[in-house]
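To keep things simple, chains are lettered A, B, C and D as they appear, and every chain counts its residues starting from 1.
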Amino acid sequence: MNALFASDNVTSACPEVMDAVIAANSGIAESYGDDQWSSRLQTKLSEIFETDVIVFPAVTGTAANALALSVLTPVFGKIYCHELSHINTDECGAPEFFTGGAKLIPMRSSNGRIDASDLSQTIRGAGNVHVPQPASVSITQSCETGTVYQIDEIMAISKTAHNHGLSVHMDGARFANAIASLGVSPAEMTWKSGVDVLTLGGTKNGCLAAEVIVFFKPELVGDFPFLHKRSGQLLSKMRFISSQLEAYLSDDVWLRNAGHANAMAKILSEGLDAFSNIELAYPTQSNEVFVHLSRELIDYLNNAGYDINEEELDGQAVRFVTAWNSELKDVDRLLTVIKQYT
Amino acid sequence: MNALFASDNVTSACPEVMDAVIAANSGIAESYGDDQWSSRLQTKLSEIFETDVIVFPAVTGTAANALALSVLTPVFGKIYCHELSHINTDECGAPEFFTGGAKLIPMRSSNGRIDASDLSQTIRGAGNVHVPQPASVSITQSCETGTVYQIDEIMAISKTAHNHGLSVHMDGARFANAIASLGVSPAEMTWKSGVDVLTLGGTKNGCLAAEVIVFFKPELVGDFPFLHKRSGQLLSKMRFISSQLEAYLSDDVWLRNAGHANAMAKILSEGLDAFSNIELAYPTQSNEVFVHLSRELIDYLNNAGYDINEEELDGQAVRFVTAWNSELKDVDRLLTVIKQYT
Amino acid sequence: MNALFASDNVTSACPEVMDAVIAANSGIAESYGDDQWSSRLQTKLSEIFETDVIVFPAVTGTAANALALSVLTPVFGKIYCHELSHINTDECGAPEFFTGGAKLIPMRSSNGRIDASDLSQTIRGAGNVHVPQPASVSITQSCETGTVYQIDEIMAISKTAHNHGLSVHMDGARFANAIASLGVSPAEMTWKSGVDVLTLGGTKNGCLAAEVIVFFKPELVGDFPFLHKRSGQLLSKMRFISSQLEAYLSDDVWLRNAGHANAMAKILSEGLDAFSNIELAYPTQSNEVFVHLSRELIDYLNNAGYDINEEELDGQAVRFVTAWNSELKDVDRLLTVIKQYT
Amino acid sequence: MNALFASDNVTSACPEVMDAVIAANSGIAESYGDDQWSSRLQTKLSEIFETDVIVFPAVTGTAANALALSVLTPVFGKIYCHELSHINTDECGAPEFFTGGAKLIPMRSSNGRIDASDLSQTIRGAGNVHVPQPASVSITQSCETGTVYQIDEIMAISKTAHNHGLSVHMDGARFANAIASLGVSPAEMTWKSGVDVLTLGGTKNGCLAAEVIVFFKPELVGDFPFLHKRSGQLLSKMRFISSQLEAYLSDDVWLRNAGHANAMAKILSEGLDAFSNIELAYPTQSNEVFVHLSRELIDYLNNAGYDINEEELDGQAVRFVTAWNSELKDVDRLLTVIKQYT
């Protein structure tokens, strides 16, 4: 089977990141994040976001999201999210685990993104002791349908959330793809638009295993260091995670990687859309392409050696994902194989 | 500051492991452990333990221990352990978190090891609905005082545990050091002595970040795959962890690394013990050396550039740890520096 | 303010129940449920349900529901329920707390009841390690819209659930009202229709504070006694709860109480429906009447001394609840007050 | 079997309390604690404690203790307690459950009471991210060995706790017995001695099922109302709990009940101590008498119809408990039966 376009987590790490890991493997270094790589990462992210941030690395997006939510949401709290969001569908209950039992409120919409006015109407029960308490909103950028929230959408959501006393979390597993897509600054897409805490992903876009939780407000950090340790995400040899992120975020590696993935997705998307028997499920705005394929075409592609991913989005569409190292020839070949079917 | 002997987690990764990570960074690989490295790791560990085992990698010892205990212990269960054990003192409550509230029962002894007859007398309350229920025993091998459980000690503990219906977990963060110290087979030190689940550490002994939970009884695995995912320890690019472990466990790398660390510790221990004003706190049986030092000597060493670790064992002794790459010249230098004080 | 029809929990206890509590207050009795009242309750419920049941009293419906769900659902499990269900909206996250983080999947429908075919389409992800696992279904009888599930609806839901390996829980906070409404046997409405565990309420229908969890399958009891104790619901003087339930379930007290409440609700419902400016939100099938009232009429009634409950069902309708001791004159008076407005 | 002296929870409720419950069973009352009985209870307790307190009723001591601790202790926190304390040995892990995984640190002493200087030496690790964080101290008054903390002992413990930033919880399941024993005011024994939160028990001393959590510092209440509801301890018909407590705390009922129980215990204790073959395990300072009995004498008493309680204190002594309604003739009879053996 060829998992080529099945996900962006089937890819290898990019050379800049791997070189940084190799370089970090030298000599004695303080453990548990008291190393120079972790220290520099903090500085690097403060530069990138144009404000002083407090950051904590983690090794999976699941842990990073759940940890971030756990410090924003009490045990009896509600987390508003889209029903297709990764935290709701693909983390085996990690948010509920890490928060000690918070409740995810799945919101619906046809495009996979939360709408601020829907949110406003859905938030209820604050102060009523019988009702799980509204606590936070989590949005995914770029989101699970491969589209991206526009800046004004994020601002509207944040404003609604803050008006109700809720915190705003952004699941940025594909944050770089969204930045590359929108062409805005990281600051604009986050704290300047009201995001309080970001989980910024590296793994899908060129790292081995590296995510980082970014706090834009020091007062929200609270007990996070203890929650971090308690969850098994405070690595003793943290330099091997921080060094990945440092290289990833330097010299525009992350944006270049994401830009390439997005460009390949665009080509693939346009190619697929040109077939009369294929319909795009969503506009392609990042590195994920969702299409409606006939059962026969899916079987054909699986027989042709592709590992067609039908599991995303509750099976409502087929997903193709491009990555930092997707090659044009592989995109072309896929389109050619489909053409031969048609 | 020179963290040289402060811990074994300040060291770099060994070349065999790093080479394996570099080699694993090639091409497309199935994610979430469905890759060839993870598959071969399962086979490798079955060979090493001379029985079919079921294994799950993790990235920290804290997570590995807590996950293992969570599948052996109900939410209202008791975990018997030594009061100095890492799970009791150094994981910020991770076992309680992952188990959903199990209670660690701290046992005492002068050498840091649980005694089977003490255990037998401490286990009580089974079936009494008011009493947290005896569920599991956790021992650390080599243990937190740098000594190792003898095979007959493990057997006696396991027998007592099993007679009471309890499972036996071994925290093997320094498993290789214990094997190298005792000169027995991995099978003898685990399932042949009654151990049910092992967390085998790689990080302290030459890996970047790699631990593995080893089930010797398939019937104990239960819901583990879901708990594993839910805890954020199922890495998408698992090949980068499994490849570390595969290399670590091949060609006796792990045993050679551990044997070297043990040998350096022995030299250091004998050197320290030769000073009239230094007393060994425990016999040195692995790669940790515990000594009683005067306040003045500690200050002197800190001034001399060492980062003296006084925090272990509730501050009852000072710890020096050797590692896979400790150099004889550094041991000699430390002894020389102390001699100059004396 | 007159909380008369605001809820059925504003009422006193019925004389039969109070007499039983007084009678139970005599002499020495074994504690923690090892008393004769608790023993007889087990027998009584086995008779009522025409099968051997295993039962555990509790003092709140919130605890009873959450405890029942906690033994049916793993920490990473999914509980399918209606979005208006009490467990989802009115228990401040107790199900998530008691289960250790299970996820409630809120289903929608216009009548407040789960539909079996919707359920069938919603259950997904079994065996997929990324997805919270389908584990149980919870239905409320009579349900939060004041309607009742028909026997064939329960059967269809149970069949769907069991086909997918899920357990079926019935929240019977108003179980007696549903029995009185449908005129079927308790056995028919539960285990004969596939219900696995029932929480049968007494508090709203004539008890002081008494609920009971009824297991129809001994193999599902599992660790329940420990969960029961650990949650603080195993009362030391359990006789004072069990005696309430014994009297409640004897001599048709519960059914007579519920029948009366239902009859009063029917009269109230018909009276309200006769006004041209009032519309029933749901058919009245138990002791809850939901209507759409104008803002002006609500204000008028509040001014007239009623404590109008607008908080149920996410504010989509106004609720009037009758109880075991509602008086016809009070129903008539309410209708007269409204008539004067109209 | 005669459970006469097995525990104080085998007794009935006292007439004043039962009369209050009967009286409370009248008419409509606001639910969930918004009733006049609950309101008056708040006032009554503020009078008794000579300061404004905020109180929440609960139905079991297990729930009351666990709830109180859950608002004082973070999920990664440590609760210092005696190893014989009820929260450590007899609540099936409720404190761990309600706190979300806090760790109880069992302290030892021969008399069952925590010593302030031991506490001072045991508190460690504050701010160290690896170590569960010191958060609260819990003492039982009167304690599990039947002795009572003297005022200066409580003050010393509180001072130590507060110096380290910890909160002080008092498990007052037998609070009245301690007050009656010491002859001090409730204020002196609690907030004037540094206690922050008290769980005051009624069940063992004349109530049906009634405990109350008393906050002496409003700023510690925090999210308690939500935790209270979420745990299933916020009763809909709260008047039936609050009315018990109101009667219990009025007209010195609680102190008279406790004084009687203490007096009976004193007579029993002196009678037992007079036998040459019986040795008091602890001085009798409240309503619990602990003695060392020979195996033969225990068997003899069981055969004579007593239900000898050997399970308390890890089986280290046999317990006899007197209650508000213990009769002198029953004490005399027990002594006579023993005399016949001797």
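Here is the rule we go by: a contact is a pair of C-beta atoms (placed from the backbone, for glycine too) under 8 Å apart; a residue touches a chain by one contact, two chains touch by 3 or more.
Since we're looking at a predicted model, the values are computed, not measured.
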Problem set entry | Longest centre-to-centre distance from chain A, chain (CA-based) | D
For this session: Have a look at A-D versus A-C and report the one with more C-beta pairs in contact.
Result: A-C
Problem set entry | CA centroid of chain A to CA centroid of chain C, Å | 41
Problem set entry | Interchain centroid distance [CA atoms averaged], chain A/chain B, Å | 34
Problem set entry | Between chain D and chain A, distance of the C-alpha-averaged centres to the nearest whole Å | 50
Seminar exercise, completed: Flagged in chain B as touching 2+ other chains are 32, 75-76, 91-93, 97, 100, 129-130, 133, 226, 229-230, 234
Problem set entry | Interface residues, chain B side, partner chain D - complex | 75-77, 89-93, 96-97, 99-104, 106, 124-125, 128-133, 311, 314-315
Seminar exercise, completed: Touching chain C in the complex, chain D uses residues 2-4, 7, 9-13, 18, 21-22, 25-32, 58-64, 66-67, 91-94, 97, 203-204, 208-209, 226, 229-237, 240-241
Exercise. What does chain B use to touch chain C in their complex?
Worked result: 32, 74-76, 100, 129-130, 133, 223, 225-230, 234
